Amino acid sequence: MEQTIMNNLGFPILSTLIFLPVAGAALLLLISRSNENLIKWFSLIVSIAAFIISIPLFAEFNKSTHLMQFTEKHAWIPSLNINYHLGIDGISVLFVLLSTLITILCVLISWNSIKAKTKEFYISILIMEGAMIGVFCSLDFMLFYLFWEAMLIPMYLLIGVWGGTNRIYAAVKFFLFTLVGSVLMLVGIIVLYYQAGGTFDILELTTKTYPYKLQLWLFWAFFAAFAVKVPMFPVHTWLPDAHTEAPTAGSVILAAVLIKMGAYGFIRFSLPLFPDASKAMTPAMLTLSVIAIIYGAVICLAQTDLKRLIAYSSVSHMGFVTLGIFALNLQGMEGGILQMINHGVVTGALFLSVGMIYDRTHTRQIADYGGVASVMPVYASIFMVFTLASIGLPATNGFIGEFLIILGGFKANQWAGVLAATGIIIGAGYMLWLYQRVFFMETNQKVAGLADINLREIITLLPMIILVFWIGVYPNAFLGFMHESVKHLLERVNSGGMHEAGIAKNILEIIK
Amino acid sequence: MLPELFFGYFAAVIILLSVIVITRRNPVHSVMWMLLLFFHIAGLYLFLNAEFIAAIQVIVYAGAILVLFLFVLLLLNLREELKVKRFVGAWPAGLFITTAILVIVLGAVKSFVPGPAGKYSIEFIKQETHTKALGKLLYTDYLFPFEIASLVLLVAIIGAIVLAKRKTRSK
Amino acid sequence: MVPLNWYLMLSAVVFMIGVFGFLTRRNIIIMFMSIELMLNAVNISLVAFSHYLQDMRGQILVIFIITVAAAEAAIGLAIIIALFRNKDTVHVDEMNEMKG
Amino acid sequence: MSNYLLIPFLPLAAFLINILFGRKYLKENSHWVSILAVAGSWIVTVATLFDVLAGRVINEDLYSWIVSGEFKVSVGFLIDQLTAVMLIVVTTCSTLIHIYSVGYMHGDKGYYRFFAYLSLFTFCMLMLVMANNFLQLYFGWEGVGLCSYFLIGYYFDKKSASDAGKKAFIVNRFGDFGFGLGIIMIFLTFGTIYYEPVFSQAKGFASQTINFLGYDVHLMTLIALLLFCGSIGKSAQMPLHVWLPDAMEGPTPVSALIHAATMVTAGVFLVARCSPIFSLSETALMIVALTGAITSLFAATIGLVQNDIKRIIAYSTISQLGYMFLAAGVGAYTAGMFHLYTHAFFKALLFLCAGSVMHAMSGELDLQKMGGLKKYMPVTYWTMLFASLSIAGVPGFAGFFSKDEILWLAYSGSSPVGKFVWVIGTVVAFLTAFYSFRLIFLTFHGKFRGTHEQEHHLHESPKAMTIPLVILCIGAVASGWVGIPHLLGGGAHFTEFLKPVLGHPEAHGTHAEEWMVMAISIIAGFSGIGLAALFYLVKTDIPVMLTQKFNAAYKILWNKYYVDELYSFIIVRPAIWTAKNILIGITDARIIEAVVNGVPKGIGEFSRILRKVQTGLLQHYAAIMALGVLIIVAMMLLR
Amino acid sequence: MTNLTGFIMPDLGPVMPEIVMTCLALLILLSELVIKRKETIAFFSIVSVAIVTYLLAGSTGTTFNGMFIADGYSLFFKLIFMLNVILTVLISVKYIVIEKVNFGEYYSLILFSTLGMMLMASAGDLITLYLGLELMALSTYVLAGFLRHDIKSNEAAMKYFLLGSFASAFLLYGISMIYGLTGTTDLHAISSYISQKGLSGNPVLTLSMIMFAVAFSFKIAAVPFHMWAPDVYEGAPTSVTAFMSVGPKAAGFAVLGRVFLTAFGAARIEWTGILIPIAILTMAVGNIAAISQTNIKRMLAYSSIAHAGYILLGIIAGTSEGMASVLNYLFIYAFMNIGAFAVVIMLRSEGFKGDNISDYEGLAKTHPLAAALMLVFMFSLTGIPPTAGFMGKFYLFMSAVSAGYTWLAVTAVIFSAISAYFYLRIVMYMYMKEPKTAVQLSASPGIALALAITVIAVLLIGVFPSKVISVARIAAGF
């Protein structure tokens, strides 16, 4: 069966998207270090060019099929049957677009805040973009892993070089955490390669069935990589540190794209490759998700650091995502994917916003703020939009995702749905409290006289505002992409070989 | 019975001398005892029909290498050696390790089964004479290692010069 | 006829005496001599094998070993001299410039 | 005939214009945009009402909102009789209060913002009542909650105001938690969340039970109660009533519009809208009735002793909302809606009057510092008096008819708790009359008790404020006349109008009984007024004496039964404490981070040990080599 | 045969590169007498190596009664050795001037040492193997002690020499045992004798395999026979350290692979039992001990120990796939390790040792290019894509998994993750700290060229590993 639709745009769009930023980064090397303006403008142009090139993905995407589209395939390491195989389907297309968009914003937000090693900074950002897009487009496991790990380098530098006071600890923690997780996946990938008779092709691998016990092992190996990235409870502790210490652009990329890759991995790999194991592990996954939702949310109540609070809220929100994914039904899964986009937009925007005020005050302590709404009304309004989206107010994007997830979660397991819904209550609590402490009440001396955000900053946030409402008011524009792919995926998972009884027996065996 | 007695004597003396060599306080004495040890080993070689080896054992080992040792010892003039302790503090640990290995190795070689016999029987060697047989082999079949050995010696010369020469010639 | 095993045992014993000397003596030159002892132990077994297997290879190897031993002696003693010049000692337990 | 779309979207447009351009360009002229928009909505609403009266019901989808597999929902509008009533209430009150605000908010630095929020609120409220499916209802529901949050916290630099706004939102979230699950249950039961198919299929599930979180429960009861959770939150019923009194931190027009006339009644509207579901579950109805009854009694008792003029009205609102739920709970949805409708007028009026008083008193709220204002502000006095008469259920006034219908239907209906709630309702009627007139007497009669400066400043409010007062006053008096019961010779038009949507319960009582119920309620009302007059006009030392005598009871009432403290003690503080001390302090720091940092630390420690092994001494190296040989040899040969 | 007249000159074709190498090395040794500019000698060395490399291509076959085997396997190793020499010479030119040991012998010793390695890679007989090993070892001892006036260099040479001789003695003991057991020293003959007689499990065979394992482990610096490495790496001249970290290690693996896979192929179960604990210990100790180092050369020493552990996985796999992965890895390792040492060498300038990790603080600010290069090498050593180090490790783990050692691969990846900690530390020092002292870089065209070669190779192989892998597979006997 033909599994892909060839790219018919006349040029290799996905390769272009991956390598345009990388080439841009290479060209940046040639620009003189002292010419900072040129560096910035060049990076901006490259990122905008990448975004423009990515638009056909949105416009030309064939929504009526689950097949991979815009594919490219070339032999890469023929002796090991490794191919350069790219393609996107309804699950990944939105992430590619999100990546290209976020990069522009990251360049813009860093315009004045990055003062040292500017060149390296923009090189890192652009390389990051290429790698991120690569992760979402790869249809060969080896290629996927290459991009997956390659991201670590620029991210490590972003946090460690341009971050806050405790940046080194955070950077190392981020790096080691993710590395330990992903190397286990690497072994899993290799085992899978031999199990499937020598192929890394994801499409081929997902058509095969694997012994149940092996599925379980591999599921956990992959889990190690993806759960750390998501991050799921209890491997979430790198996130607050990384988010907090990273420069704004780093936090934004981290929040908007990087941690999506974990959940994406679950959808793209864990579920279709190990359907039986996934089904058997659903209770555990749902439990962890619910714990993450509530745990992350409750912890936010006691945070005193702006970025840390948003970071923990990410834990909670990503709990929703994994809950939706492992609900293993259409609503949950679509909600989960949409929520990934939403979280990328909203949390990304929150970090952008926090970055803007941090540039002015150089403090992240909530206690140092208060009454900002009086001095920066425009900023306050925009921040409010994202706060509301974060707490899932209807007509913002957050609502659509969370509602679908809770619906799906409830369908899968009533307790999961009910407990997840409590996360929304707490979510409102900590976000509004945060908003109150920062923007309301009497104006703190430390923020008195701050200038409201300027045009560049408004332009940076504008796409996010548009997305918040676009997704909130007309989510079908985005849900429409994923229907077929998700349906196909769920068919694969739910028809995956084994009977319930067989699974139960197997579990008993393993327990013994 | 006689060969066994003969072997017994040599073995006993070799072991004894080995122990003496490594336990002498004065290195010069050690070298002297070693000389005696080498002679005994050479004797054992003779007993094993390896006259040429016995000869070079005496000439090269005893005559050249040991003399070199002695020479260096005298050059360094280690007088205080006689006053300080000979062994490192943890020598019982060393003794334990070596004894343990020895016991296991002895256990392993106990059941030794030798490989297939070659054509160089004692009669054959006697007829060909040992040195000639060895020499023929060395210059035909083992020409290649022989050449390598020459390089080893060359490197040793270069090395000794580089390391031990006193004046530096660097600009 | 003396059994081959006897030679092997003799060789093993001498070898291990050499190891013991290497492990425990403080004087570099004696440690070096211990190595020579070990080489001689190997030589004993090689010559014995050669004899019992009726094969000359062992003896040829012995010749090479003696050659290498000579070369080693040259280099080793050169190193010791160079070291003695700088450090004025031949005791290994006084040489730990580098550790950790 | 898609004019109706203008009803919600005109205010939305006004909101957008104000929020985008208000700060820089419109400034003091912001109100024009909003007022024109809401007035336009009102006009279209009236036109639509006539359509509905003519029997045309609109049920249309605008566009498909969310599609995910079998879950499909649109943005769509249903305009039937029930909606029409709500539309009239909302647009009328909204228009009047917009106008009132021009005077009340004059000169405020966030003038544009205020009108923007009001417009947004109107939009959301209209979306709420016009929805044709549950999710859009939920949208409006949360939207009005948001506006309420904005407007309560309008004076955001005041901590108490921003606290109150936050509290309102979060408390409402507790209710919405159930509401949301209710919607999910509806979808899982019916496969759709459109009203029409859900309500038409509901009967088919009447006897079904479902396993919910491990318990077998009656399906319709479950759904109804989950939905009712939302109502409890939005309509400030026990136990989620705590936010409403605090919501008085907002500007008074807001209290009038949102926290009296419209938003808080959304809960009642929800129950009425879902009457086909509620009607299928006796248990659910009983719980609704009891919640309403108990809340009304509970709030009324608190209202007796409060001194803050707006808070008294707020508790009164809670109490009256309880009344409406009481009505719905006994199956008298129409009566509930009727009370909702009349209440909107007189309660909005009360608030606006209170606002007028505050305006005159420079923001003073304490009753004890007022008195004798009658002569300074006659319009306010008379309108407020009429509103109070209406709420006290004095015959002829709007409140009388709606209250009487509720009490009669409670008494005569088939509900098992009907008689009980009737008794409570009657007691509450008495209490209501008492505290309403306590307020009137303390404010307008007697001698002025405030400072001299305040007294000097007293004046009647400007026209922009008094005109709405007068118009609302007409409503407070006359709005009830559309529902005069048959007993009094009226046509009960209101009930008849809503009957197609809500039905009407059978009354099992004689005319004599109906007369008796009416008489008792009238007596209760008048005795309340009389007692208030006695306490606060004639023998003013009695209240003081009573508070001293029943000090404990007084304390409890004064502190609102300590519910806020209780919540703080069992929810808020434990949550934060848990976050700080257990999650951050123990789970994250001592367990997860201990492992996360401990493993590298352990490795580092091991690394240092390894460094120590590397002594730099040759013998040690050789010994380790030999030891390695020994271990391998032993391992391989000693098997 | 015994008659000299019957002697037929063996085919010298296969051994031609070695012969030419010997001649050129001797020539260079002598040229020192006439050529005053040592850079010229360096240049000649590179030319000689280029000539030899050229000759390598045409010389295959077995000669000297099977004592010398020039097959794909040895060819690949020789390529690595040639690469090693070229890169080492390039980074040495300026360095040995700074260290004031600018002698012509330096280059000829490097060539002789390389010759020893070539012989080891081609050894078909235990006797040639031993002699090649000694040739390499003796030259390296001398090179390690090349800084005669530096106490650390003396000490390094002494430690290396004594422990090296100690290990050789074990090797000889092993050779003598296997000789006694099989009556031969020819690798193929040993192999066929063992499988023919079913000697697998024989205690003496096991004993001799242990002895081989010990001696080779010493050469590749595997735990617990690694103790010399940190001290010697630290004390030896940095260029020699770079040379040693690649050449002798690769040669060690060449003989390890050749002996264990060819001669002891039939006794695989036994020797995997020996090598697996060694491999695990090596990875553990190498990676963990490196964490707390303060001297970069020492850290790289532990790193090279750890890498030996990973490479052992390919040997343990025991398949040609495994061997191919070993070859591939060593090839990549040569680039990234020498690249790293090249940066280390650049920091050494007149009067400044520059081998402390703290000397790297803020390097990205003072010398961004050098820091960027070091960053690439560090990430490559960690095994992060898209660098070559990742591809190397990936292929190694693949071969281990394919041979059924999944658990071993898991262990390896975990240690590899741990290794990230100390490699990242260098990056962290360079990029995330402020410079304390103004570090002077002593760049030279040679180093620049070496760095260019290594960094391009590391990145290129990282992205396009196909060619190297397929060549390695051919070399390993596919």
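Going by the order they are written in, the chains are A, B, C, D and E; count residues from 1 in each one.
The criterion applied here is as follows: a contact is a pair of C-beta atoms (placed from the backbone, for glycine too) under 8 Å apart; a residue touches a chain by one contact, two chains touch by 3 or more.
Just so it is clear, the model here is predicted, and its values are computed rather than measured.
Peer 1: Touching subunit B and subunit D alike: which chains?
Peer 2: Under the touch definition, subunit B and subunit D have C, E as mutual neighbours.
Peer 1: So, comparing C-alpha centroids, which chain is the farthest one from subunit D?
Peer 2: Max centre-to-centre separation from subunit D belongs to B.
Peer 1: Write out the two chains that share the greatest number of C-beta pairs in contact.
Peer 2: Highest contact count among chain pairs: B-C.
Peer 1: Could you tell me which chain's Cα centre is nearest to the average position of every protein Cα atom shown?
Peer 2: A
Peer 1: Which chain maximises the distance between its CA centroid and that of subunit A?
Peer 2: So the chain farthest away from subunit A turns out to be B.
Peer 1: If you average the CA atoms of subunit A and of subunit D, how many Å lie between those two points?
Peer 2: Roughly 37 Å separates the two chain centres.
Peer 1: Between subunit B and subunit E, what's the gap in Å when you average each chain's C-alpha atoms?
Peer 2: Measuring from centre to centre gives 30 Å for this pair.
Peer 1: From the mean C-alpha coordinate of subunit A to that of subunit B, what's the distance rounded to whole Å?
Peer 2: Centres of subunit A and subunit B (C-alpha means) sit 70 Å apart.
Peer 1: Centre to centre, by mean C-alpha position, how many angstrom separate subunit B and subunit C?
Peer 2: Going by mean C-alpha positions, subunit B sits 6 Å from subunit C.
Peer 1: Hey, what residues on subunit D touch two or more of the other chains?
Peer 2: 600, 611, 614, 616-619, 622-623, 626-627, 629, 633, 637
Peer 1: On subunit A, where are the residues touching two or more other chains?
Peer 2: 176
Peer 1: Can you list every residue of subunit E that touches 2 or more other chains, as numbers and ranges?
Peer 2: Expected reply: 127, 131, 134, 138, 141-142, 145, 148-149, 157-159, 162, 166, 177, 179-180, 183-184, 203, 206-207, 230-231, 292-293, 421.
Peer 1: What are all the touching pairs of chains?
Peer 2: All touching pairs, sorted by chain label, are A-D, A-E, B-C, B-D, B-E, C-D, C-E, D-E.
Peer 1: Quick one: in the complex, what on subunit E touches subunit B?
Peer 2: That would be residues 1-4, 7, 10, 15, 22, 29, 64-65, 67-68, 100-103, 105, 108-109, 112, 115, 119, 125, 127-128, 131-132, 134-135, 138-139, 141-142, 145-146, 148-149, 157, 177, 179-184, 193, 202-204, 206-207 of subunit E.
Peer 1: Name, in rising order, each residue of subunit B that touches subunit C in their complex.
Peer 2: Residues 3-4, 7, 11, 14-15, 18-19, 21-22, 24, 27, 30-31, 34, 37-38, 41, 44-45, 48-50, 52-53, 56-57, 60-61, 64-65, 68-69, 72-73, 75-76, 78, 81, 84-88, 90-91, 94-95, 97-99, 101-102, 105-106, 109-110, 112, 114-122, 124, 133-134, 137-138, 142, 145, 149, 152-153, 155-157, 159-160, 162-164.
Peer 1: Which residues of subunit B touch subunit E in their complex?
Peer 2: It comes out as residues 105, 107-109, 111-118, 128, 133, 136-137, 139-145, 148-149, 151-152, 154-156, 158-159, 161-163, 168-171.
Peer 1: Which of the residues in subunit C end up touching subunit E in this complex?
Peer 2: Residue list for subunit C touching subunit E: 4, 8, 11, 15, 18, 22, 28, 31-32, 35, 38-39, 41-42, 45-46, 48-49, 52-53, 55, 57-58, 60-61, 64-65, 68, 71-72, 75-76, 79-80, 82-83, 86-87, 92, 95, 97-100.
Peer 1: Which residues of subunit D touch subunit C in their complex?
Peer 2: Residue list for subunit D touching subunit C: 611-612, 614-619, 622-623, 626.
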